[in-house]
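Just below sit the structures, each encoded as structure tokens.
Paired with chain B in one complex and with chain C in the other, chain A is shared by the two complexes that follow.
Let's look at the complex of A and B:
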């Protein structure tokens, strides 16, 4: 998707991420920008997704609380929000299509935890609805 | 043929699915107190829900994005969060009211106190959401809800003064002894019951669940434009029944049994049995819809995988929200808070929150980026804007009126 000029606030922020298999994989909660050394407009290098990124955009007391929770939920001293490299973005329309399955994304950690420790333990969790 | 069948099925389930505990309570209470003088609000509410449900269904079908997904995208992370908190709270309150309503319907059939049924009802609601396929779930309870038509049969058998009812509906006057603020407060409650936000959360998410494509847009139209008005007619039947039987006797329905009174008096035990099945199906079906909508709204705001079109293990956070909501809803009713009171608050607060849901839908339905050639027509936009104006006035007026009239008492 290199070189395309987008209104980041309008076409990227808060859009749904969809992985390679059509599964919903989080929102574009924030963007990582790089400012070229020679000046000129910044380019988007990554999508930031998950509570860590969202908390900074919400701000205020709730944002601070959310950020504290997000930091608690992360392993070790890793303080950066979950990051999806812009290189895996395949298409941008009413959602952002990615070229990788979501299990390979950092944003998948909370969902995997909920599945492994809570919902996946209930009987029938792996069955297709019938 | 298959298409015809699916359209007919969609319309029938829309009729049965329209009525929920909020409609049952609001229509009976207003009928008992104000006769048919507020029937016009049901008409206004039905046109409104048709207008915006069709829009939400069309947006979901064309863009694949359900309502709360769009709320987040159009309003941004912060404003949408405020919206989420309000919408979730109201949907949760409605879920609790529906669980209480199911338990009350079973109490009427078994004479066993409703509180004992609440945990069982909550478990069954969760189990159906966990196990049963979306289409099966929607069709079964929608069709079973059609048994509410027995209330219309009772009304017809009675052969009331139709002219008098119609005159009461077309010449609205505030009855003697009732104040204007109270009358308007009940008008707002009726509007909130007819246009509850969860209906569009559910309807638009349902379009994604069922994998609607552009070919289904006609089904979307027919379901909404035929099914909802007929559902609204059922609401009016309950109002007329209360007008004829409860108003002259000065009975203010505080319990489901009084809502059933007109049908019992005309059709006897058998009529009551059928009506109770209708109450059960309507409230249980709505409990499923509100339970799912709790999950839909949160998952769509945060971008979690949601829906019953995947295995529960593939949408763990969505199912966690649903499970916790159903448990907490049952917990709220188990505090012995009167389910009818919970219902009254849920519909009035719904009315206050209506613009939060319907404004983003109207905006996105006009965005060619999402909709291509399926953007709103000029007529739809004119009507939609007019409604939004009314909804804003209603939202502003609701809380002051609630305080002024002590919630209509």
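Let's look at the complex of A and C:
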């Protein structure tokens, strides 16, 4: 049986990612394609999301600046954009449903960094409910 | 490789003839299994054309349904839309994709699902 036919730009790019608990988990900014070891056409292996992925689509000086800021706001020497393996994609519709919680995704890195390094250091931040 | 390395690239043949730029990439879900998603999305080919306006609305694909005036307008705008099967891609360079054969014998894009 022939597989489902999709168009990457029309059906995947800019779609909302929804985690297993129904939380918004980022948007599809780019796709990672890999060539199979046995040869043949490439297949989609991951969704790339966040400023680090979006910056390539924007291009120019602003895109380069955005990528530099995104890289600066990450821990360690991690330079790659947030990556969501296609193995955790549950379904593709008007949004992309994932089978894992948001906290396990790399797309949560910037939010977690901001929480730990900025918001968490504000006086009274510890009083906020979970 | 990233999808955005393909989108917007100019498709040219061996004689330098241009079919326009890549507007979209067609994927078919019949690749090797990938986790819970099942069969992975295999790159089947490129949808190319000379006019970018309305390309993301899907009206350059034949048999696209929609309001008649919009369909006629974008159908006319994208009558030169062509489909490049993966097997015809010779080499991918930055912002340029070289294909085998001539750009004049590329078929029109068929409908997606």
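Just so we're on the same page, the second predicted complex is superposed on the first by the 101 of 130 C-alpha atoms of A that agree within 3 Å, B and C clash if a C-alpha of one lies under 4 Å from a C-alpha of the other, contacts with A are read in each partner's own complex, and residues count from 1 in each chain.
As a convention for this text, a contact is a pair of C-beta atoms (placed from the backbone, for glycine too) under 8 Å apart; a residue touches a chain by one contact, two chains touch by 3 or more.
Everything quoted here is computed from the prediction, not taken from an experiment.
A.B. asks: Output check: A:13 vs chain B and chain C. Expected answer is one of first, second, both, neither. What do you get?
C.D. replies: It touches chain B and chain C both.
A.B. asks: Check the residue A:39 against both partner chains and state whether it touches chain B (first), chain C (second), both, or neither.
C.D. replies: A:39 sits against neither chain B nor chain C.
A.B. asks: So, A:89: does it touch chain B (first), chain C (second), both, or neither?
C.D. replies: After superposing on A, A:89 lies in contact with chain C but is clear of chain B.
A.B. asks: Quick check on the superposed pair: does A:122 touch chain B, chain C, both, or neither? Answer first, second, both or neither.
C.D. replies: A:122 sits against chain B, while chain C stays out of touch.
A.B. asks: What is the contact status of A:57 with respect to chain B (first) and chain C (second): first, second, both, or neither?
C.D. replies: So A:57 meets both chain B and chain C here.
A.B. asks: With both complexes overlaid on chain A, does A:114 touch chain B (first), chain C (second), both or neither?
C.D. replies: first
A.B. asks: Quick check on the output: what are the common chain A residues between the chain B footprint and the chain C footprint?
C.D. replies: Residues 13, 57 of chain A touch both chain B and chain C.
A.B. asks: Quick check on the complex: what are the chain B residues that touch chain A?
C.D. replies: Touch residues, chain B against chain A: 63-65, 69, 72-73, 76-78, 80-81, 130-134, 299, 301-306, 308, 310-314, 316-317, 319-320, 323, 369-370.
A.B. asks: State the interface residues of chain A toward chain C in the complex, per the touch definition above.
C.D. replies: Going by the criterion above, the answer is residues 2-11, 13, 30-36, 40-45, 48, 56-57, 85-90, 99.
A.B. asks: Give every residue of chain C touching chain A within the complex, in rising order.
C.D. replies: Touching chain A from chain C are residues 1-4, 7, 23-32, 34-37, 39-44, 47, 55-56, 58, 86, 112-113.
A.B. asks: Which residues of chain A touch chain B once you look at their complex with the stated criterion?
C.D. replies: Within the complex, chain A contacts chain B at residues 13-17, 23-27, 29, 49, 54, 57-59, 62, 93-95, 110-111, 114-115, 118-120, 122, 124-130.
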